[in-house]
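Mind having a look at this structure? Questions to follow.
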């Protein structure tokens, strides 16, 4: 067990560490970055880079998902977002960008709330997924635990290959006095496609979610520049600690099952490329990126960013923010692989990961999870 | 006993934690927020939400107290404030708001000092309390320990149902060479209404105040955006630790008395809805809110905020601040229960509490006091 | 011994605490502030408030020293400052204030350097001291250890009653290959007036200075808004820890000598009235104030502030800063005793101390040194 | 071993301390600053001050290296920088400064990238080195580990006296599947000049580098106002801890070899003169300065600053920043030895070191490495 702090008489709390408090310390022979692999495989799907997209319409459209797939990552469509509700999404997004021009951010939130009040139309989701599969790219879509049962059949019919069940907090079993809650274990057992589920925030919920049969578990809820879950709910978990704990659950579950490896996917606190390296260094198998992708020319938000919880009808927990200025927009390939003329780690995100691994002497992601760490004050 | 730090040779200090250093960590099954109760009961009085108001005229008028009561909380009138001294309070407050327009905040403090130099008129307090009781709402009023003896008979006669004896620091016994000080135990024993008293800042003073027969004990002194007690007096107590310690006193006093449960009411460090959840999570039974209520249309301060100590004649310890801009003002119902289009936790304060409890799997406030906590660096 | 931190392999450092990390925690019965005494006595001299002035011309002129004395404190003239070098100080200070109008702060430093290049004229110091003694007020003057031997005879002849030997760091013995250094013990033994010496920064140097026969030892070097000694020299000592350590030396020296009580005077980190209370709470007998006095109408700097090291000819270690705006200037009596309409602890400095003592239940300064402390993150 | 922190279940990290967290605590007799020596000797080369320059063209030209040498330090030319690629460097730098005028810092980075795309011309390096040696000053040049083998013969032929092999991270052996990597031990064994190599960031890599036969080991990678390695790669090591660890390696290697003393040179976190004193206090034998020298009239960057990694073709890790305004530029002699009218520790850098040593009672650098340290919160 890790460091406990007595915050008052008889009450202890665990000290959690954020990614920005942690640093990677080189202590081995250096290595050429050409000799480094950033490949990642989950279930039968192999990716050149350990990248999933946070399921926000600000970053992922069907076209963006295709491009991300071609570049070696996994784009995750939000099956409850704008593409699922509006046939004319382009116009809808233009409206959002126009509202931005007034600098009235509450109005932006309100507009997103209204746009998400439109009903989900299965044929729109199906169309979106087909665009991805027809391009020869792995198709993934996200549903909330509340609507997973209702929406999944349509997604499967449309050809989704990886299902992402994602909310701020997802537990193995949701308790409800009326109505039938989602039992993830039963739900997953009935599916033929691999499921990635989360977020979880500690060892225990990670372990419970692993036991549901999920292929991957998401740690965190996309905390970063836009998310306000901590202010609104008081709930939070610094990511370095949350990732390490989930990795401990992965190890223990591997032992418990005699070999089932559940992937740990980190979704939060990535502000620059160095945080991707830190996430893997803490034990993540892959990262889920949101805001850093908003600078891609292919991102539908045109520089704007918000997380999925920005559109909650009564309690939004994400700001809608301008994440990249017009002259900072670059194409996705450059964003992921460079070359960069930006010294702040916003471009060449995965070239930077490769170089961090090389400079510390590691040749693959799994090995790199063991690199030495230092904590800053 | 909790962590002690040696600040120098032979001198130890306790490490205290503020609410912003603490986070709630979900580790159980999630729950539907419809299945959550935020009800709170003290003595014979039951409330839908664990809300008392900080006794400042910036937030509570008789009309506001009525509205707060109807919405399920408890408005506490300041029996030594403007309503107790001026018949034409509306005009008086207009004057305050006009002074604000000059952006001269020292002038605002000076004006409040002058307005509080007028004598307290019992008939005005009586009138105010009657407005509340006649609306069928529980009437509560605050007196300072210095004037409790003098003002209480009038308050009781006017029909006050809960008496709040509140100062920056209230001890069970006030020592004075001349004049007769307040002995809270004797004072409370003579009353027929429940008394809430404070603030206290540690286990020992909390315990002493519980032994006076108080129904509730206030922890803190309304520290937050306006309060400057720390700068002025050097006195302070980070709220997470102070609440945990007072909750420990509650537990020990419960044992000592074989069953008397004294409520712990937290008054400080609530900047957004998440801090309400954190206060309960640390062990509070209810919270006393000030500045977050300044955004209510019903708040007399029209967006301005100050604590009761802003008007001290020689040593004010609260700024008078603009706490909410004109376009941020919403009606009290929306402020407390939403819906919100604000992602920063300033609106839907108690919907957020309900949701925090649901997401961590707790169904009532008492249970929620046991939720897991994490500490941030 | 206090907490040691291993900053690297085989190297430990002591964790030091600044005043702003420390808070006073009330845990006793409260007391009426009329029943509190802030009196302080050193040698045969008794003061109503535990106040000495930092020996900077920005704050102390002969006239200001008289006023401070009448109000119960001790003004310390800088025997190596402008009053000691220029007959027309008023004009000289007007020049400083005019230079300020250009907002060129380097030019201000350069001007002070030039003004301090003029020779020290004993007759000017004598005149200044006589103005103080003739007003019936205790006269104190500061010399640097380098010039103590040379200047002291003139000071004594002029009637100085308390001698302050003060530099950034003063040790009991100064080592020098050529020239004769000051041996403080011999120096003090030869004098008939009490000597206050410092600054010291830890237990050991405090103890050594106590053994020289000094009546008081200064802890710190006036760190605060203006001082830059930490940036320039890398030398520093957080005040809470430094005061506690010096108080420990006082206790041990009292035991060692069977009763000689050497006063601990804290000179640094006082930004507002609460820091005075914290200094005493950590164990100081009195505080030396600089910047907070710059807001006095009687301060020669007219709102400007600098410490004595601002005028060093080759390595200045204090900025010259505007410490109080024109409309913040009040007379000294109000600054020290109120009434105040400023909520930030800049006015009514010693009324605030009195109130802090009352609210925590202490009736004199010596007792108040035992009040409970809390440390913040 | 030093303090370990458990950042999560089963994963520890070392707590590292930055220079700004550390302070020097005087605890001995003070000393006259005339009696202090700041002399430093490595191999057969003796220097009046423990100063090397960070090998960036922003700070070092051949002419600047001559001046630095005459003033007692060691200028290190970058053998892969602009002087090695362009005959008309003056014009090239004018172009950089003009681009600055547009305030487009990405354009500045891009320009540096383009300028560094020109081929290295050995005759230009030779010319530069000869300018230094002909002035009777010790000539030092820096090569990257990647190009050390290729460029060193020309450097030796040109008369280089100290070779610096420097990259962000340099290990004793670089691993590569194709091509032949640099084996530093063999490389150094074949050379007749002393080699200084680095950066290293912990005890282990420092020890390995010492075993290659290097005369000096560089700790750090020039972290400071311009460097962004932490954001881009996630790699970092707070300097106080890194220096202490390297000094521990120096001590152990001294024991292991029965007397070979390898110098520890600190390159990072020096923002003001006090940080030089802190670096030595932590155990460094000398410091490598970059940004603080940008204010020298002799610095080619004319107030601009960037580190060597600013020009990386695909992943720059340093901003190009205006480090000194036009009116802050002073000649190198004043920058190093004063007099200063700047209170912020930007001028009289080594006069400040001398004074810090005197005030804490140390007479040479080696002794000063034992001065007491305090850690701040």
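The letters A, B, C and D name the chains in turn, as written, and every chain counts its residues from 1.
Convention: a contact is a pair of C-beta atoms (placed from the backbone, for glycine too) under 8 Å apart; a residue touches a chain by one contact, two chains touch by 3 or more.
Values in this document were obtained by computation on a predicted structure and should not be read as measured data.
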{"item": "Same-site or different-site touching of chain B by its copy chain C, using the half cut", "value": "different"}
{"item": "Angle (degrees, nearest 5) of the CA superposition of chain C onto chain D", "value": "90"}
{"item": "Chain A and chain B: spacing of chain centres that average the CA atoms, whole Å", "value": "40"}
{"item": "Where chain A and chain C are represented by their mean Cα positions, the distance between them in whole Å", "value": "56"}
{"item": "In chain D, residues with contacts to at least two other chains", "value": "17, 241, 377"}
{"item": "Inter-chain touch pairs (all)", "value": "A-B, A-D, B-C, C-D"}
{"item": "Footprint of chain C on chain B - complex, ascending", "value": "5-11, 13-18, 21, 106, 109-110, 113, 145, 168-179, 181, 201-202, 204-205, 228, 230-238, 241, 310, 313-320, 377"}
{"item": "Residue ranges of chain D touching chain C (in the complex, touch as defined)", "value": "1-3, 17, 22-32, 34-35, 203, 240-245, 247-248, 251, 271-278, 281-283, 338-345, 348, 351-352, 355-356, 359-361, 372-377"}
